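Just below sit the structures, each encoded as structure tokens.
There are two complexes below, and they share chain A, which is joined by chain B in the first and by chain C in the second.
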Partner chain A sequence: MDNNVYLKDVTISFKTKAGTVHAVNHVDMTFNSGEITGMIGETGSGKSVLGMSVLRLLAANSLITGSIIYKNIDLLQLTEKELNQIRGKIISFIPQNPDAAFDPTMTIGKQIIEGYRYHDKKTKTAGISHGIGQLQNYSFHEPQKTFNSYPFQLSGGMRQRALCAMSTTLSPEWILADEPTKGLDAIIRQEVSQVFQDLKKITNSSIILITHDLRLAQRICDTVLVLYAGTVLEQGPAGKIFDEPLHPYTCGLIDAQPHKKLLPLSGMPPSLIDLPTGCKFHPRCSCRKDICCLTEPALQEVNGRWVRCWKYA
Partner chain B sequence: MLNVSNISKEFKSGLFGRTHTLAVNNVSFSIKAGQTLGLVGMSGSGKSTLGRLALKLIPCDTGRIIFNGIEISHYTMKQMKKLRKEMQILFQNPESSLNPRMTIGKSLEEPYRFHDIGDKEYLDEQIEEQLQFVGLGTELLNRRPYQLSGGQLQRVCIARLLLLRPKLLVLDEPTSMLDVSVQAQVIEVLKNAQKKQGISYLFISHDLDVIKACSDEIAVMYKGRIIEQQTAEDLYKQPKEEYTKQLLDTFLNF
Partner chain C sequence: MNDILFYLVKKLLLIIPVLLGITIAAFILGVISPSDPAAVLLNMDGVSTPSAQEIANKRHELGLDRPFIVQYLSWLLQILHGDLGVSYITQRPIWDELMLRLPVTISLASFTLLLVIFTAIPMGVFMAYKNNSKSDFVLRTAALIITSIPAFWLAILFMWIFSEELHLLPTSGYGTVVHLIMPSFALAAGTIGTLMRLQRAALLEVLEQHFILTAKAKGLPFPMIIWKHGLLNSLIPVITLLGNYFGAIISGSAVIESIFSLPGLGSYVLEAIRGRDYPAIQGYVIFTGLVFVLFNFLVDISYFLLNPKIRLGGK
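And then the complex of A and B:
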């Protein structure tokens, strides 16, 4: 039995007053264990929703169909109680904003050992020594002092590291990280990327990285997944995707980077309530053909990766 | 256009103001008309404080600020009101720059009315023109901020500034909360606006790629001081200071 996470025909929608929002549409894929898998795409492309669905952390008005299989268990069928045994212990989540993720009224240490004591039913002393050791792993110079600090006393990079320490106290097999470098400056960003590479070494975990920082994805991911309007448009090894992107959308994203052409993609992402027919990217695509407006292409294997585009069909 | 010499700012905090932080320490720089000065540095190096000092949004302790040939360092807030429409700021987070209870149309009108620039008819015409310029349609006017995306909101903020025909804009991390593709759109709009209206920019960012793509000259800030200022090309080719070298290495080899 392998440790891969299999997504089978996963569709996620939200019921709102304005209509049903189709956030993720028929995603079929495998997250390979031992790898860092990056999910990239614009805001609203369904990256975070897809990531959070693995742990069923979505709002109450969400509707998930399909199945997410881990070790022959369908995570979508588990009860809340069974799921709590998995959350944090086997699959853990590093939320988006380290400033908001910590409780400001509790010390860092207390928050780090909270999950540890919940799952392993250990004594407080055991928890404390484990927590301090954990901070040491993430290269805090004075772990004892950090342990007793409040979140506001740490800098942005330190908070991100502390958050990683908190999410990995139980050495989970899978880690979901949501936008860990948003709004950070160059040096902290470098630190955070180091943290993720260390994370893989220290805990031997597999990581799903949700990000729109393309440089970060290029640097640390093994596999990359390009999402658009809740659909996978391209998927394959990171090096190949960034060096020679195939899908017009991936090309557009890469060209929009300031150190490349700084060329904006034309148009806006589609409304998720009223999705376009055919290929979801066709209204913004420069190489659009007649067939693109009518039928959605299937994921095709091209040069060792998967692309959803009529150009390669 | 803007000439700043030897300005400093110290913040006092804590009990009885016992903790002193020298946020900006004896800084001088100037921006030519229609040009962009990029300001880079790490979080906490004093970039944003310097931007606000230059606009006199906060008073400086020492130093002189000359805007368009007029010394404004000793101006009171009331005296600044006349100049205010010519020197404006664009903030990092568009979601908190607009009043959530006001429609986009009302938000666009507000500064225009405050500075009493023209009548309603002229205003409507101008709003339509500026919205079109930033790539938005007039159908947004009756919506509220939460109904728009981050990129759209930032463009609304830019349109609102352009209505005032400013001569100097401080752009305080205008794209750090946006996606790559939206970032490229916003930068394109800003560049076009500069070409059309000849605005000078003080572009504050920690993204060295963005700064390089936008600036004529770049100043590097470290612990409240500008340690180096060169043209964009020279700075990337031959940084003089060790800190700049490190910064460039960290960023570009990422």
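And then the complex of A and C:
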């Protein structure tokens, strides 16, 4: 049995007053163990929602259908109690926004070892030495001092590293990282990508990286998944996708980067309540054909990767 | 350790202007009172009618012909020496009168406060835990109802049920804890209603925070998340409200003490108001003002204990 995570026809919607928001639409894919898989896309592309659904951390008004299989268990069918045996222990989570992800009234150390002490039933002393060891792994110079600090006493970069330390205390199989570079300045972003490389080395865990930071994805991911309006548009090895993107949307994303052409994608992402017919990207696509407005293309294998576009059909 | 001292000294210094404000308010109360203290003193026996000359002499003797600011300062100096003047009615020093009654009010207020803390906070937490369930709805409605009921009405209802019908509790008097049960419940009810709704709302707001998601992702059970991350973070608004409502408890105790014949500050001041005993009312204002300010000082100290950012001097 492998440790891959299989998503089968996963559809996620949210009931809101304005209508049903179709955040993720019929996603079929596999997160391969041993790899760093990046999920990229604009804000509202459904990447965070899809990531969080693996741990079922979505808001109460969400509705998930399909199945998410890990070791022959459908995570979507587990009870809350069973799920808590997976959360943190087998699949851990690195939340976005390190400023808000820590409880301001509890020391960093206590928060880092909280899951470890709860799941592995460890004593306080064992927890403390384990926690300090964890901090050491993430190159904290004074782990003892950091352990006893409160979140507001650390810098943004330190908090991000502490979050990573927190996610690996139980040596999980999988780590789910949600936008680790969102809202960070360039220097700390650099630091974070180093931390993720360390993370891989330290834990041997497989990583699902949710990000809109293409440079981070390019630097550290093995596989990349491009999401748009809750649909996978392109999927394949990171090198191939960044060097010769196939889907017009992927090309647009890459060209929009400051160090490339700095050419913004025209138009806005579609409303998730009222999705366009046919290919979801067609209203913004420069290579649009008649068929694109009518029928949604299927994911097809092209040059060793998968693309959802009529251009390659 | 230095941080604590600095924080406490800072808070204590901030109390001084508040206390001055209270004394000014109390002094003005004396100034605007329609009765002339000189006339009142000369007319104490109720028989003699003092002449205008006699009143003028007495006013001079009492220093009432001096400018208000001079009067205020000398009065303030007196108060600082613990001299609140003499009651018109009993002719006894007001300080002694108040000290005699203080323990009754303090025990009623503390009993009420404990009742509020140990019912409203757990209930509010329970409501947030069971958010939007049937029990949450029932408790929310109950909270609304008890907030709307006037304390005196509740007091009478309690007396009727527990004293008249069930013969369980005494209707009046002071001495044992049993005497405090009904008064403190009647006094606590309104605050309990408000506070449990606030505790619920504050906790629900905390449960929306990112760090709660972090805790969920660790696989911790929900009750543990509420206990370890939710409660402490939700307590600051709750304690602030409790500080404000302590004033309501003190003033509400005037009515309750009088209904249950408790010989406390509240029933004393009601007597004083009825007898237009202005020095006694002034004394009560200063005294309860001081108690209120001291209680809020305790609230400030609790912030210090609850919030590491304040404790460790974060920016």
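Assorted remarks:
As a convention for this text, the second predicted complex is superposed on the first by the 313 of 313 C-alpha atoms of A that agree within 3 Å, B and C clash if a C-alpha of one lies under 4 Å from a C-alpha of the other, contacts with A are read in each partner's own complex, and residues count from 1 in each chain.
Convention: contacts are C-beta pairs under 8 Å (C-beta built on N, C-alpha and C of every residue); 3 or more make two chains touch, one makes a residue touch a chain.
Just so you know, these numbers come straight off a predicted model, no measurement behind them.
Within the superposed three-chain model, A:8 lies out of touch with both chain B and chain C [touch as defined at top]. Contacts of A:257 after superposition: chain B is touched, whereas chain C is not reached. In the superposition on chain A, A:122 makes contact with neither chain B nor chain C. Within the superposed three-chain model, A:240 lies out of touch with both chain B and chain C [touch as defined at top].
In the superposition on chain A, A:150 makes contact with chain C only, not with chain B. Contact residues on chain C toward chain A in their complex (touch as defined above): 209-211, 213-222, 224, 228-229, 232-233, 306-309, 312, 314. If you check the complex, the residues on chain A that touch chain B are 42-44, 155-156, 182-190, 193, 212, 214-216, 219, 252-253, 256-259, 262-265, 268. Residues of chain B touching chain A in their complex: 42-43, 149-150, 176-177, 179-185, 187-188, 206-210, 212-213, 247, 250-252, 254. Note for the complex: chain A touches chain C at residues 55, 57, 80-81, 83-89, 92-93, 95-97, 100-106, 111, 114-115, 118-119, 150, 152-153, 166.
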